[in-house]
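Labels run A, B, C and D following the written order; every chain starts at residue 1.
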Amino acid sequence: MKSFARSYGPLVAIAVLAVLLLVVAPAVLSPFRLNNLGKYCCWAIAAVGIGLAWGRGGMLVMGQGVFFGIGGYAMAMHLKLEAAGPEGIPDFMLLYGDGTMPGWWEPFRSGAFTLFAIVALPAIAAAILGYAVFKRRVKGAYFAILTQALAVVFATLLIATIQETGGFNGLNQFTFFFGYNLYDPVNKKMVYSIAAGLLVACLVVVWQLYRSRFGELLVATRDAEERVRFLGHDPANVKLAAFVIAAVMASIGGAMFAPIAGIISPSDVDATASIFLIAGVALGGRALLLGPALGAIAVGYGRSTLSESFPDQWTYFLGALFIAVILLFPAGLASLFGKAWSRLPRRKAAPA
Amino acid sequence: MRLPHPNPDDLGLDYLEVRGLTVDFDGFKAVDGVDLTLLQGRVHFLIGPNGAGKTTLVDAVTGLVPATGLARYRNQDLLSVRSHKIVRAGIGRTFQTATVFEELSVLQNLDIAGGVHRSPFALLRARRGVPSYVADALETVGLADLRDRPAGVLAHGQKQWLEIGMLLVQDAKVMLLDEPVAGMSAEEREETGALLQRIGEERTIVVIEHDMDFVRSFADVVTVMHAGKVLIEGSVAEIQASPEVQEVYLGRTVEGTTHA
Amino acid sequence: MDSFTTPLLAGTATGALLLIAALGLALTFGQMGVINMAHGEFLMAGAYATYLTQQVVTNTDVSVLVALPVAFLVAGLLGLLLEVTVISWMYRRPLDTLLVTVGVGLVLQQLAKDVFGAQGDPVRTPGWLEGNIDVFGYHWPYRQMFTIVLALMALTALAALLKYSSFGRQIRATVQNRDLAETVGIRTRTVDRITFFVGSGLAGIGGVAVSLISGTNPRLGTAYIISAFLVVVAGGLGQLKGTVIAAFAVGIATSFFADWTSASMAQVATFALVVVFLQVRPQGLFVVRSRGLA
Amino acid sequence: MFSPRTRHVIGTVVALTATISLSACGNKDGEGSAAESCVDTSGDTIKLGFLNSTSGAMAISEQTVRDSLTLAAEEINADGGILGKEIEFVEEDGASDPAIFAEKIDKLLTSDCVAAVFGGWTSASRKAMLPVVEANNGLLFYPVQYEGLEASENIYYTGATTNQQIIPAMDFLASEGVETLFLAGSDYVFPRTANKIIKQYAADLGIEIVGEEYVPLDDDDWTTQVAKIVEADPDFVFNTINGSSNVGFIKAYYEQGLSPETSPIISVSIAEEEAPAMGKDVTGQYAAWNYFQSVESPANEVFINAFKERFGSDRPTSDPMEAAYTSLYLYKNLVEAADSFAVDDINESADGVSFDAPEGTVTIDGENHHIAKTGLIGRINSDNQFDIVWSSEEPIEPDPFLEGYDWWDPSAE
């Protein structure tokens, strides 16, 4: 039974989190707080991916806002078109543009295509970027800097394309979410539950990845990339896989963020937003299973509440958080409470 | 002890042939037109003073540094193939400093080397049970008792054996070992030598080594390198008899023991 | 004609600014493996130092010259403080230094906002930098020429320091083999500190140049830090000449892109250029070759 | 792929998740039941929300709005409050992030139950708040000039729309005999939209647009773009640059030998606070607003004195500050006209409600919730104050969609 606890303990922890998020929270929180928690869950979904790429894979992804944005904008485009009605075009194109819609918006009328795009677009983008970067063995700090530059460039691009993406204002004023009226409190609760459910699902996915041989290989690549090459694996492929999965998770987080926050704009996806995501992961514990998700929720909550009580001091908190956590608890706060449960790589082999 | 030199044709294609291999570091030829034929079933030693180009030669064959010339194994030119594909083709190597995954257990280290046996999709499954090729390697290198220890706590010699075990799991037909017995006790060297002979029967083993006692005890063929070139190749006795070798290399190190 | 000279000359000045910012980064990143994301805030500190100097030395013609050593010192001391309190605990953890300094940057920005106010403060251009000369229709401002001269002087001084001074030899020895350097009596900790002081001080000099473009404001550093890092990445570590070529290449390319398209698209195009360039030279322009298994 | 035991555990988790998700299933039919107002009007106080960025890039500007709002609230309270109720204001930080604005206004309306919210600066923040304030049938007072093309039942716009700032500026340029105009702006919504209007009106007025340049919001280096102004040598430069980027623009402008004598600038975002922060003597340049500190009116004198007393004698007053100050008084007058704090009652009786603001008397248009304002052009003097050189004389009726201008074609480029 001991090995059962070791193997499935994390799953029990995920289940506890699932109950908290899906049963307890909706029962006790006001609609406003629940909606906020929904946003934190979206960040947490992205954070789970960062935990995979950074904590396990050693790739410091400083530009996850880009993939968060791809998912967010893809979903927002669909919601915009849904709000505009059949044949309608988004209001901002009439206001700021010449009233015509770019052709690449058209497929997003279809909900099915949008869902497909939310997964496929970040996967393709991450695969191309990752292929270019990992195959040429660009790594470590270079990689981190490139991803951050990507986030800066992405935000600039969005701000400059007013007629296509709404520019600085972003996309907002959604009315329906796949046919459900977003102003109905019942439906808001449903959207929240989907986000929380997706978070739980992503956690189960990484749990399986971490206990798989791929998970071991990823850690091995993080610790000794060249050595892995002489095990007959191309480390670039191992990292690429983790990077792509992380990108897809960020995209899913972004996709749920748009209907929950009611807006997606460049400031939700730029370099600052990306660093905000990293902060949660660092706080929670980058290499732990639940660390990144809990950290992201904590940082999101901190941002809401601290900025309510100390509006001017929030930046100090965030800055101090980085310094203190990296300096004192590089493995994250969760490592302090870290029982064997979520500490994965040392899992005992099942008896032969 | 010595095996007769087999004819390459009897062995099919399982030999590594190096022709005119040259590694040029911005004008400095670290390896300069080396020809070698490394046959299966023999323990082949590569010796020479520091800077002779031994490690660079191995680096070139395993894709770590770009080189010109030819390194052929099973009709494949290794110089045009990336490192991990060379490994998948059956050529494995170790490094001067043992590089095992210190946080992983001995068993996990061996298991992770078994990638050649798995499809990418199979990687998504958790490991359960011990695959037979891992169990075999564990026995062969004598680490069965330590299988659940983190590799980081192993003694230096044990790490080297673990690395050899990982090569076994990889199913490497050609093993390029860079100073595997450096820092080992005499007893450990004996065990390592015996291990190499045991596994060398069906494989091509190439060992870079400085320790002449070890070379004398276990070498089937010795190649002496100097300044990027092959100085001489032959049996231990032939090498020791060579005046050139005496001059550049053996002269100092082995003089005392040749009389013994 | 000036569709060529304008971006070329303006881009050279932009490149010079990037060079000053990147020199300090190349020094601390290249020599010590520390990725200092607060470097942009040291630039900001240099700009505020210029502003404060102008409050004390009211003669604008002189104050900018006085501000140069002051800014170097202010930013350098900030760097030293950062090194002693934070960085020294985390050598050989480059990604962690990156994250810690992100936090330091946030704190410094907020601090500047609280001390100097969110509204930027004006920096006056000295009379001898007012004006321009006509180069094929481009009214090339003296200020841009000053930036280029400043960059070249900083470069020369740094190169001379590294090459000829005993401190420079100690830096190079420490970079090549830290343990060996220690055994021959080099106090590597002191070398680290001085390196960080000089690298951060260079950011202060950059801050003076930036303040002449846009005055001061708390977010001033963020606009330059990413470009400066891209320069370091494209230039490769280990040799200053890579940084120099990359800085001017990025500066001039950005100006031409901006001329052909828009300033926003120029950012995008420059980034794409660096990524494509890394396909050709993944380690940057110049690499110190290493044969070890990293 | 999984062992039976794993499958069992995963199955349980999935089933649990699915059950819970489904139990929270949505309501597809039926209109969204608009949230009932939770505003409490039974006590001696009335809660209002002030939502401005006190952190992030926009804190520079928005803090001044917060100060004006605070001043107005204190004055109103000293004077007996609104309908006898003292104002209790809840402050929130929008953090220069539209999503935070949306979150915070939701909190103010549904958790704090404020009767109205005052704030927002960027159009992005207003656009983000709009659906939330509409869904909760709340009230938002937005105090900044903006690009128009909007009218919500739940928002009162106390800053200028384009026909009260951009169009008067163009009228002024036409009256000055300007023939060539260069457009310089930050690369985001307001400058792009304003320039679209300017280009169409310029065509109507016979003014030639000789160049149009944009630089990203965070970018301060305008050298290359200013070189194009030098080359085009326009009669005037229309400046829609935002924030600190103005400093870089102004410096580059003078560096390359431009001056008010050759190609003067008319700005729509440089006011009394910004003018001295340029690091250059900007005497002789122009700005278009609806309020300057130099406006001569008794109400303005009161406002300036009160503000300086409260926040320091070195603090100038400016258009957005005045619009924010005015917005709170307008709210007071709206409530008292309706004799109710209920949004629907206020909207009902809104048309024609006015206030003797520092800029002059302003009147609410009940249709589009904007206010009639007088267009002013000021020229900066050596004290960094504005000499008013042109005025529309009469308050201009707000026309956010420019329906009264036949040259306007929204779908044209």
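Just so we're on the same page, a residue touches a chain if its C-beta (ideal position, glycine included) is under 8 Å from a C-beta of that chain, and two chains touch if they have at least 3 such contacts.
What you see is a predicted model, and the numbers here were worked out from it, not measured in a lab.
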Label of the chain whose CA centroid is most distant from the centroid of chain C: B
Chain ID, smallest distance between chain and overall C-alpha centroids: A
Chain pair with the higher count of C-beta pairs in contact (A-C, A-D): A-D
Centre distance in Å when chain B and chain D are each reduced to the mean of their C-alpha atoms: 73
Gap in Å, rounded to a whole number, between the CA centres of chain C and chain A: 32
Separation of mean Cα positions, chain D and chain C [Å, integer]: 37
Overlap residues in chain C, where contacts from two or more other chains coincide: 110, 262, 264, 267, 293
Shared-contact residues (touching 2 or more other chains) in chain A: 156, 159-160, 226-227, 312, 315
Residues within chain D bordering two or more other chains: 6, 55, 187, 214, 216
Touch list for chain A against partner chain C, complex: 58, 60, 129, 132-133, 136-138, 140-142, 144-146, 148-150, 152-153, 156-157, 159-160, 225-227, 271, 275, 278, 282, 312, 315-316, 318-323, 326-327, 330
Interface residues, chain C side, partner chain D - complex: 2, 6-7, 10-11, 13-14, 110, 113, 118-125, 130-132, 137-139, 141-144, 210, 212-215, 217, 219-220, 222-223, 255, 258-259, 262-264, 267
Parts of chain B lying in touch with chain A, wherever the complex brings them together: 62, 82-84, 87-88, 92-93, 95, 99, 101-105, 107-108, 111-113, 115-116, 118, 120, 122-130, 135, 148, 150, 166, 170
Chain C residues within the chain A interface of the complex: 29, 35, 86, 89-90, 93-96, 98-100, 102-107, 109-110, 114, 226, 229-230, 233, 262, 264-265, 267-268, 271, 274-275, 278-279, 282, 293-294
Chain C partner contacts - residues on chain D that touch it in the complex: 55, 57, 59-60, 63, 187, 213-216, 218-221, 223-225, 227-228, 230-231, 244-245, 247-248, 251-252, 254-257, 273, 276-280
